Structure formats: C-alpha cells, structure tokens
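Handing you this structure, nothing more for now.
Chain nomenclature is as follows: A, B and C, assigned in order of appearance, with residue numbering initiated at 1 for each chain independently.
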Amino acid sequence: MSVAMSAAELEEVPLLEVTGLTRRYGARIGCADVSFALWPGEVLGIVGESGSGKTTLLRCLAGELQPQEGRALYRGEDGETDVLALPEPARRRLMRTEWALVHQNPRDGLRMGVSAGANVGERLMAVGWRHYGRIRETAGSWLDRVEVDPGRMDERPTAFSGGMQQRLQIARNLVTGPRIVFMDEPTGGLDVSVQARLLDLIRGLVRSYGLSAIVVTHDLAVVRLLADRLLVMKDGRVVETGLTDQVLDDPQHNYTQLLVSSVLRV
Amino acid sequence: MSGLITVNSARKRFVLHTQGGVEIPVMREAALDVAAGECVALTGASGAGKSTLMRMIYGNYLADGGSIRVDGVEIVGASPRVVAALRRDRLGYVSQFLRVVPRVPAIEVVAEPLLALGTPAEEARACAGALLGRLAIPEALWPLSPLTFSGGEQQRVNIARGFVHPYPVLLLDEPTASLDGANREIVLSLIEEAKARGAAVLGIFHDAAARARVADREVDVSVFAPPEAPPRAAQTASA
Amino acid sequence: MTEYNFAYLDERTKKMIRRALLKAVAIPGYQVPFSSREMPMPYGWGTGGVQVTAACLLPEDVLKVIDQGADDTTNAVSIRKFFEKTAGVATTTETEEATIIQTRHRIPEAPLTEKQILVYQVPIPEPLRFLEPRETETRRMHALEEYGLMHVKLYEDISRHGHIATTYAYPVLVEDRYVMDPSPIPKFDNPKLSDCAALQLFGAGREQRIYAVPPHTSVVSLDFEDHPFERGSAGADCALCGASDSYLDEVITDDRGGRMFVCSDTAFCRARRRAGYVGLLAAPYEEGAA
C-alpha cells in the first residue's frame, strides 16, 4: 500500500520542465545545456558563485533574456506551453498572473512613487479588477499576510524599511495567485535578523498557497532553510543536483565540496 | 527479509576532491533488518559508522551500492522526489542537533511536519503543544525560538518534532543525550509507544541503560567497516 | 490670394499629415507619430491643431476657431486670421455654420453634425506620461493593452482624496481598445466625445502625434465600479442666457468681489439670447453686440 502511494505521488507531472537551456553572450557562455524539473509545491534552490550562470538562467526563465536554445515546458491554466516560444504579450501576461518574479532589490520590483496599496493592487487592476473597495480590501489583506501593517497602505514604499519593502514586493507578486515564484537573492542586502523572518514568511507562504518557487542565491544558509532540492551551477553548467540536505551534507562534485567547505561557520 | 527497514550489502565511500581526490571507504556489506514494532540499536565505537548508516537510510548520505529499502521503497539510486515523499509521512529522523530557521517559535517548529502534511493549523499546534507539554517544556517557552533554549530543551524540541507525526519508520540519533533522568524516561516511553503502534525504530543510544530498556536487538556497525580502513571517516560536513 | 501655398503648408507636408490622419481614423485612439513642421507660432500655441486644420481645409470650408470656448480670445483670433490670410476660406463664429472647428480645451455645447470636423489642440498626447516617463514603456503598454497603471492613478486619487480628483484631460477608453487623453477639456465635456456625429481629430505639434475618434465611436471615461465617472453639473445657470446645463466661466465684474457665471461657449450663449432666452443678469440681446 505504501509503495503504491509513493507511485501515485510520482504520477504527478512536473509543473515546469526545462531542457537544454543555453544562453550565450557572443563567444561566452552565460548558461549552457541546463535541464531540470520543478514540481508543484516545491522550492528549488539554484546556487553558485558570481559568474555561475544562475542569474542568467533566472533571467531567461523570467523573460528578460532570450536563450539561444532550449525549451521550458510549463503546465499551466492553458495546458502545456513552451514558455520560451511564447510571443511577448503572452509572456508578459504570464509574468503578471501565473508566474512572478521577486527582485533582489525591492526597488526594482516596486513603484516607488505610488502607495503600498496601489503597488499591491496594480496586478489586480492589470487583470481587470474594477471595484475600488474590493481591490483595497484584497491589497490590505495581503499586506497583513506579509506582516506589513495594513494601516500603512497609503504610504509610499520609500517610507518603509528594506525588509518591509521586500515583503511588500512579495505581496505585490503573490496577489494574483501565481503558481511559480522566481526569487533572486530574496534576502540579499537585508539585516541578518530581518532575513530570518523573511525566510520563514516565504516558507509559510509556499506551504499555505502550494506555491512552487525557484530561489537563486549564493547563500547556502538560505537554501538550507528554504529549498527542498538544489541545483549547483558552475561556469554556466549544472554540476550537481539532489535533495538540499544531501547535497550540502554529502556533496559529490568537486565544486560543490569546495563551496560547502568554504562557508564560514559562526 | 521483509522488515520496514531492510539493508543489504550497502556500501559507501567519501571522495575528498578538495584534498586531492583521496578516497575514504567507510562502509561495506552493511546489512540490517528492522521489523514493525521492533527497535534495533546500532552500536560500535565512536566514528565506526553508526550515524553514517543512519544518514544513508534517511537519504542524507548517498550509498554507492547495495540496497536500502524503507517501507518497501528502494533508497539507493532513488530520485530525490522519492526520498522526499518518504520523509514526508513515513520516515522520521531525529538528529543529534536541532537545526531550525531562526526566530520561529518552538510550537511552530514542532508543528511543522503536520503542517507539511496538510493538517489544519489549529490541530497541528494542539498536537505540538501536547508533546511539548509531555516533554516538560513550559508553555511560556512555546512562542519563543528554541535557539534560545538550553541544550537539553533544544533536544526535547527536536524529539517532539520527530514524534508529532506517527511515522512508521523512525531513526533516532542519540535521543537521550543531554537529558536528565525524568526527561530520559519520557523519551523512552515515547519510543515504547511508537513500537507498540507498529513503528520500526532504529536508534543510536550512547546510554547503555536506555539501550537495554527499549532495544530488542543490537547491531554492531564495526563489522561493516572496510578492511584496513581508518575507523574514523573523514567527513566533509557536520551533523 | 497671397504668396503662401493654400493653407500655408506645402502639398507634400499635407500629404504626410493626411496619411497620418487616415491611419489615426483607422485605429481610433492610437497615437500616430507625424513629422511636425515649424509653424509661425511657438510650440505650445496650437501648432498641432493648426497643422491638422491646414491639411483638412478645402477652399469651400467654413472655419471656426475657439479657445476655451470663446471666439474672441487672442489665440482664437490669431489662428482665424492666419487661415483667412493663407487659405482665404470663409470664417465664422457660429457653430452651426462651421464645417471645421479648431478648438483649444473645450467641446462646443451644441451637438455637432456629420458634416463637421472638430480639431483639438493637444499639449501632451500620452495619458500615461506622468506615471511612466519612458516613451519605450508607454508604447509597449499601448501595444500590449497593459493599462493597469492607468487605474493605479485613479486608485491613488481615491485613496488620497476620497474621489477621482482628475477634472480635466480625463482619460478615456476608445472603442474598447486604446486609452486616450482627450486633451485638457473639462471632464464635463467627456460624454460629448462618445457617439459624436462629427469626425474628431487631435493634433500635438510639439510631441508630434496625431490621433482621431471617428464618428459614432464608443468613448468611455475610465472609472471604478464603485466610483463611477461623474461629469459634474454646471453648478449654476448662465447669467446671460439662463442655460442650466452649459459649462460656465467665472467673470469678475468689479473690484469689490462682484462676479458672474456665463457660458464658456460664447456662440452657444449668443444663439440662445438671439432666440429670446434671458438670464438673471442679462440685458436684452442686441444685434452686433458681444
């Protein structure tokens, strides 16, 4: 019976299947031949140092860069699509609805000249919500969920701390109920104590809303706490992959061992 | 062999690329069988491979060959998803050290495995509270991060987290270390209850008395040490 | 006639503008870039409107020019004289007699007919400009119909003032597709944009854009379901002609705070008085007077 349960769970198809994704900058490799799958409800960490290609990979998936080769098969509301082959309007719509991107610097992901409530409500208005009261109520409840005081929703993001701005960015992205959230160094630049709270918030949201997330970071402590599985990248390629605790506790590849042993322990 | 844990000819070596690629074999021909309702204690000198074998069964270390089956599912060579699925509701592990996200309250830490299984939050916290209470963690401490607790309290939180869901297979690494008499007693009772409900328990007990109390059999892992291999395996990661 | 080409512009320029106009009419509300010429007036004084009018004029046209509703302000008079000199067309101050009406910041009160063209002078054609300063981004938003930001502006108004605070240049949705800035007309005039029998053309000379609303096109002012668009009321009756639903100007009458409210559309007011309507402060209508 238990074996059957396991098999049934494995019938589940991946939410996203990336094959052979390659992005070159002239003769240089940004990322090469990257393949992986992402299942519903799991957090995938992509780690590597600067120049590993992890940010290039993220940008290709988020639609900011166009890779030269590869497919990204997404099983979404409209069935199965190769996201990399979508025309720009459809791609942009996807990034506003079923997918989301949380930038490292919240200022890149927020409108600083507009109130917090409007920031969170914008995606709703972009998909056709036209009832002011309901937009405001939904925005307020999301601010609450990311532990920002809804009473501050008429203030501009400039009045918030860095950690609050990051949480505001997360609320802005999650308000339309995306299925995949891409995060680029979500705790980078934040105070250590603020990072901890943010990580826990992200874990909670991932669990409560059944999100899948791809978290790109160089910080192994972050992936240890946040990611279910890891991809380790070096020089544009994936060198190792597996369960987070296994990759960090029993690294097989040369580079992974170097990475793990280099982490300062406090 | 039809236990909930069956290990056959499992082997493992570490290859230390950062030290010139030196190979350190740590285990060969490991064999083990733990049936439902049984508790087996792993014994052997410090560094002999007790924790290593336990981690291999949990999927935290990769076995190089042989077979490790948990509740009928083959772990060796399994995809990460298979192992993750097992760990969610069938395979529990209480390590020696508590590792948690900072600033998360103790009650949330303990409730986590139930929440991951979709248990409603109130119910999960109620179960967590019941266990914490049983393990003599005062209610005043429940909203605090366990990282601020004493070693013994942290261990009890760790144990509570391991027992909050009735795993059919339990791996316990030194569950009574740093516990005083009364608390050790509670933990041993939890283990006996787990056995009574049909769980297969594999444990490492430094304390001979505890071992004698709950273990039905002992397996000395030194017999699985590779010949002429240094008894202490160089490890690249800490617990 | 004079030494100018008919209506000042050379034929090639008129051809270029007409092509832009045709494109604009074919895509209601879409801003068509055009090669704005140097005109004998500075930018900001109606060069866009003048170029559109010049490209449309035929010798048999009758031209009316108004500025804030009045035929007799400096700008209206200058532009009217400009076309009298360079095109030799008949001009009028009566709305019903005109075939082309160039206007700054108002729509005439009297309903227009299918024989008329209304040419608007536009300062900033891009409705999203103050929210998104990048031209590359606003073009993309129009192309991809991404207008969430437009509603963000209205949302901010309501959160800050309790209601939508925009009172002129109120953004509209044309034929359910393009969001358009109707030029700085008061929102009171917005309903007249929709299903209008006349052809409406918009020219922005400094920004080099032309757009259009063909006759009988749907033009809807943006709003929220629970904060619907309100054009507002006139507020009072015209002191001269007694009209109760005409957009009014405030006129200071003395240095002791005396003032009166009269129709901004001078031709409309005059026509009413000629027909015998009298407001509270009016003297009886005299032929030849203002």
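Heads up, the rule we're going with is that a residue touches a chain if its C-beta (ideal position, glycine included) is under 8 Å from a C-beta of that chain, and two chains touch if they have at least 3 such contacts.
Bear in mind the structure is a predicted one, so any value in this text is a computation, not a measurement.
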| item | value |
| --- | --- |
| Graph class of chain-chain contacts, one of line, ring, star, complete, other | line |
| Chain whose Cα centroid lies nearest the overall Cα centroid | A |
| Most distant chain from subunit B, judged by the mean position of its C-alpha atoms | C |
| Geometric centre distance via CA averages, subunit B-subunit A, whole Å | 31 |
| Centre-to-centre distance between subunit C and subunit A (centres being mean Cα positions), rounded to whole Å | 48 |
| Between subunit B and subunit C, centroid-to-centroid distance (C-alpha), Å | 78 |
| For subunit B, residues contacting two or more additional chains | none |
| Touching residues (chain side subunit A, partner subunit C) in the complex | 88-89, 92, 111, 113-115, 117-118, 121-123, 125-127, 130-133, 135-136, 153-154 |
| Residues of subunit B that touch subunit A when the two form their complex | 14-18, 55, 59-62, 71-73, 80-86, 90, 99, 101-104, 115-116, 168, 236-238 |
| Contact footprint of subunit A on subunit C as seen in their complex | 131, 143-149, 151-152, 155-156, 158-160, 223-227 |
| Contacting residues of subunit A [partner subunit B, same complex] | 2-3, 6, 9-10, 39, 42, 193, 196-197, 199-200, 203, 207, 224-225, 228-229, 241-243, 245-246, 248-254, 257-258, 260-261, 265 |
